[in-house]
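So, here come the structures, one by one.
Each of the next two complexes has chain A plus one more chain, namely chain B in the first and chain C in the second.
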Partner chain A sequence: MTALLDIYRAHFKTTIASQLQYRAALVIWLIGMVLEPLIYLVVWTTVARSSGGQVGGYTPQDFAAYFIVFMLVNHATFTWIMWEYEYRIRQGTFSAMLLRPIHPIHSDIADNLSYKLLTLSVMLPTAIALSLAFRPAFHLVPWAVLAFIPALVLAFLVRFLMEWALALAAFWTTRVNAINQMYFVALLFLSGQIAPLSLLPAPIQAIGTALPFRWMVAFPVELLLGRLQPEEALIGFAAQVIWLIVALALVHVIWRAGVRRYSAVGS
Partner chain B sequence: MLAALHSLVRRRFQAVTAVAGISFEVMPGEVVGFLGPNGAGKTTTLKMLSGLLHPTSGEVSVLGYTPWKREKAFLRQITLVMGQRNQLIWDIPAIDSFELNRAIYRIPPAEYRRTLDELTDLLELGPLLRKPVRNLSLGERMKCEIAAALLHRPRVLFLDEPTIGLDVTMQRRIRSFIAEYNRRYQATVLLTSHYMADVEALCRRVIVIHQGSLLYDGDLNTLTQRFSTHKTIMVQLKEERTADLRAYGEVVAYNDGQVTLRVPKSETASITERLLADLPIADLTVEDPPIEEVIEHVFAQPANGMEATP
Partner chain C sequence: MTYLRLLWLFFRVGAMNELAYRANFFVQLFRSFLGLVTGLAGLAVVFSHTDTLGGWRPDELLALLGIYFLVGGLINLVIQPSMERLMEDVRRGTLDFTLTKPEDAQVLISAREVAIWKLVDLALGLGVLVVALVRLAAQVGLGQVLAFTLALLAGGAIVYSFWLILATVSFWFVRVENILVIFQSMYEAGRWPVGIYPPWLRITLTFLVPVAFATTVPAEALVGRLTVQTLLGAVGLALALLAVSRWFWTVGIRHYSGASA
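What follows is the complex of A and B.
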């Protein structure tokens, strides 16, 4: 355990040092992370105003709160592992990872977390600035705020493992962009990214609930904003745990098959 | 166009046998060179030995482990250096990548410092360690790559073209380093290289792979004897005479009374005798052809043409 912590600490150092080499790229990427929810926020605020002050239980201030929190949760849970894997396998750097006496997922988790820590220093001030500009209304409920923390951790784990499993598609095809595009479209609608799920047509809501997307992002957001009843929160946690188990199993199975394929074909 | 469409609908896969029937054993502390033209199967063999490739059939045992199971205890004792691949993180100084390896390989701090000092000394890494890797020259980067690969003091080293693209001085430096590492730690080294100088300097034993099968396994010197069909006779004539030596063998070079003849190996003795009897000779030497020439000759033949006995 201490050895693993040592490895994570070493990864933190290298990732942060690497990221700081690309400050400009980092800022551009972050602008994108901020701009997207900002656009949805402006659109939905306008819609709410023009339809008599609210849409489906969301006032402009509620939308502001939703998209600001969504931005933070999305930032905390997102990964870029699919592009990473395609690159690794095409460039052959994956071989070096395979020869290390540690599962490569650890370095990916460590890299992801260190990047998040680094960029939090920009995301938090941005969230505060947006709050000053859009005056969000937060209806915080103490138990829900507390429950938000495990919900966020589970959301991160489910999303990370799901996207890691998806990234392993690169073992079978050298063109994973098509798969990624499909995934991002699903994420856009089903994770609550484009609009709160309760505003979407019932069939789409049902699909969102049945699939892991909602539990990877929207659920912690709704929880923190006090939009869920305790029993809804419990269902949410149950869904997260089930998807976590599924994701772990997927990673395990796909990883084994993928490595077998990689080592059969070579690089 | 039609063919392209066809391949879109129905992909055909062709099984290609990369290596077949290669059997050999390497003793601890040995330095063995793999020789073979491009595509002979050298890298494939090294990848199988290090656990990156899973052979369709056959057995491999390294240090008592089956490589492709990639057990941690196995991975901690080996290293694979590929001249064209890198494990160092591009944007940060090599020392930070080293530090990461220290954590991953769980090298105790004191041992890490000692090894790092030794490697820094042997490879003259001092000023390089704190520069971002992307700012290093190819040779400097290779030295750092090798150091990173050896921090955990592996017992078995797989080196795939470790000197590729380096200038002669740097090649020599890396060569002497590998020899020193082998001597100091009794490490086993399997090495491929296109540079015969690497092999001649480091390996007493060579394994020749050609078209995926084993052609020769044994002493580097014996390789020359076994595969060279010709010998070189150098004759220094006593006086400036223009003797016609074409009757004795193929004249490779002729200047200032010094003649170089290429003769069939079996006739070397008789031709030498005739030369000494017929001509006023000041000096005569018989030599094996240079190793490159022998290897070239070996590779020019079909793979199944020769018996593979050590």
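What follows is the complex of A and C.
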């Protein structure tokens, strides 16, 4: 265990040093992360104003709170691993990773966390600026705020492992972009990105509840905003744990099959 | 005339390159279709809760979505690939080969790379636009169609000049691809009318990154919401930017000294 922690510490140091070399690229990626929730915030605020001040239980101030928190949770949980794997396998740099005496997923987790730590220094001021511009209303409930922390950690784990498993599709096909796009469309509608799930048609909500997407982003957001009853929160945690187990199994199975298939491309 | 022949030639070369990978056509078809379904579903979700969005009715926003895909398709078809090639050529010093050719270098670099499968986006956008037009038939007269054509041409010219100016910056600062990524993510905002955004964002999307001229202004012209002043302003800005980008390009090319020698 301490050996693993040492490895993580070393990874943090090297990735933070290397990412600081690409400061411009960091900021540019963030523009997309901020702009998307901002667009939907504006759209829904406009809708709420034109239909008498509220839509489906959300006032403009509630939408502001929802999309600002969504932006932060989405930032905390997102990964770019599918592009990383496509590159690694196409270029053959994956071979070097296989030689290390440790599962490559650890370096990916360390990369992800150190990037998040760095970019938090931009995300937090952005969230404050957006709060000043859109005046969100928070109705915080103490138990829900406490429960938010484990919900966020579980959401990160489920999303990371699911997307890591998805990234391994690159072992079988070079056309991962089409697969990724399908995944992102599902994420857009089912994770609460385009609108709070309660505003979507009932069948879509049911699909969202059955699949992992809701538990990867929307659940912690709704929890923090005090929109869930204690029973709903318990169901959410149960769903997160179930999907975590499924994701772990998927990663294990797909990884073993994929590595066996891999034959180095390039050098 | 020579320029049209050149354009056709580049188009044919692009087609021949890509026809070797026909499966890519189906991948692109699938991706464009997915993009269209996403756009339509987004509109459906919003309009299941309201009748108008910032004064725009569903069919009007459908027209805007069509224009969004149309212009986006045009950018991805030729402007973006050509400008990326230009920046790559500047970085590697291979722009020398283009400069020695006996035609205007700006024309050569502007249309050199054609990603033909992006025609699918163009066609889908046109299809959506036609559907929207049929549904808006009572509202759209000949004058509006003319104003729309003018606004679309002006928007295209503004976007092209904007990209050319940014790509020309690569003569001084070699790594500018990142700036172009900003345009890609800002263009997302163009699928909704810029009028709904708060003032600071609206100004950014109009003057800093000219997304508004590419999508909202032509759509406004089509549904008869555009004032004559705005239309003239857009055309004036297009002409001015074409001139400025041309001037900037000649300054840049004089600064270029090759990297291979």
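One rule holds for everything that comes next: the second predicted complex is superposed on the first by the 262 of 267 C-alpha atoms of A that agree within 3 Å, B and C clash if a C-alpha of one lies under 4 Å from a C-alpha of the other, contacts with A are read in each partner's own complex, and residues count from 1 in each chain.
Operating definition for what follows: a contact is a pair of C-beta atoms (placed from the backbone, for glycine too) under 8 Å apart; a residue touches a chain by one contact, two chains touch by 3 or more.
Note that the structure is predicted; figures quoted are calculated from it, not measured.
Of the two partner chains placed by the overlay, only chain C lies in contact with A:G32; chain B stays clear of it. Looking at the shared chain after the overlay, A:R100 reaches chain B, while chain C stays out of its contact range.
Contact with chain B, but none with chain C, is seen for A:A3 once the two complexes are overlaid on the shared chain. Once the two complexes are overlaid on the shared chain, A:H11 sits against chain B while remaining clear of chain C.
In the superposition on chain A, contact is made by A:G92 with chain B only, not with chain C.
Counting residues of chain A touched by each partner, chain B versus chain C, the larger count belongs to C.
Touched by chain B in one complex and by chain C in the other is not one residue of chain A.
In the complex of the two chains, the chain C residues touching chain A come out as 23, 27, 30-31, 34-35, 37-38, 41-42, 45-46, 48-50, 52-54, 178-179, 181-182, 185-186, 188-189, 192, 196-198, 201. Interface of chain A with chain B (complex): residues 3, 6-7, 9-11, 13-14, 17-18, 21-22, 92-93, 95-96, 98-102, 260, 263-264, 266-267.
On the chain B side of its complex with chain A, the touching residues are 18, 44, 47, 50-54, 56, 68, 70, 72-73, 75-76, 78-80, 82, 85-87, 89-92, 96-97, 99-100, 102-106, 132.
Every residue of chain A that touches chain C in the complex is listed here, in rising order: 24-25, 28-29, 31-32, 35-36, 38-39, 42-44, 46-47, 50-51, 55-56, 133, 175, 177-178, 181-182, 185, 188-189, 194-195, 199-201.
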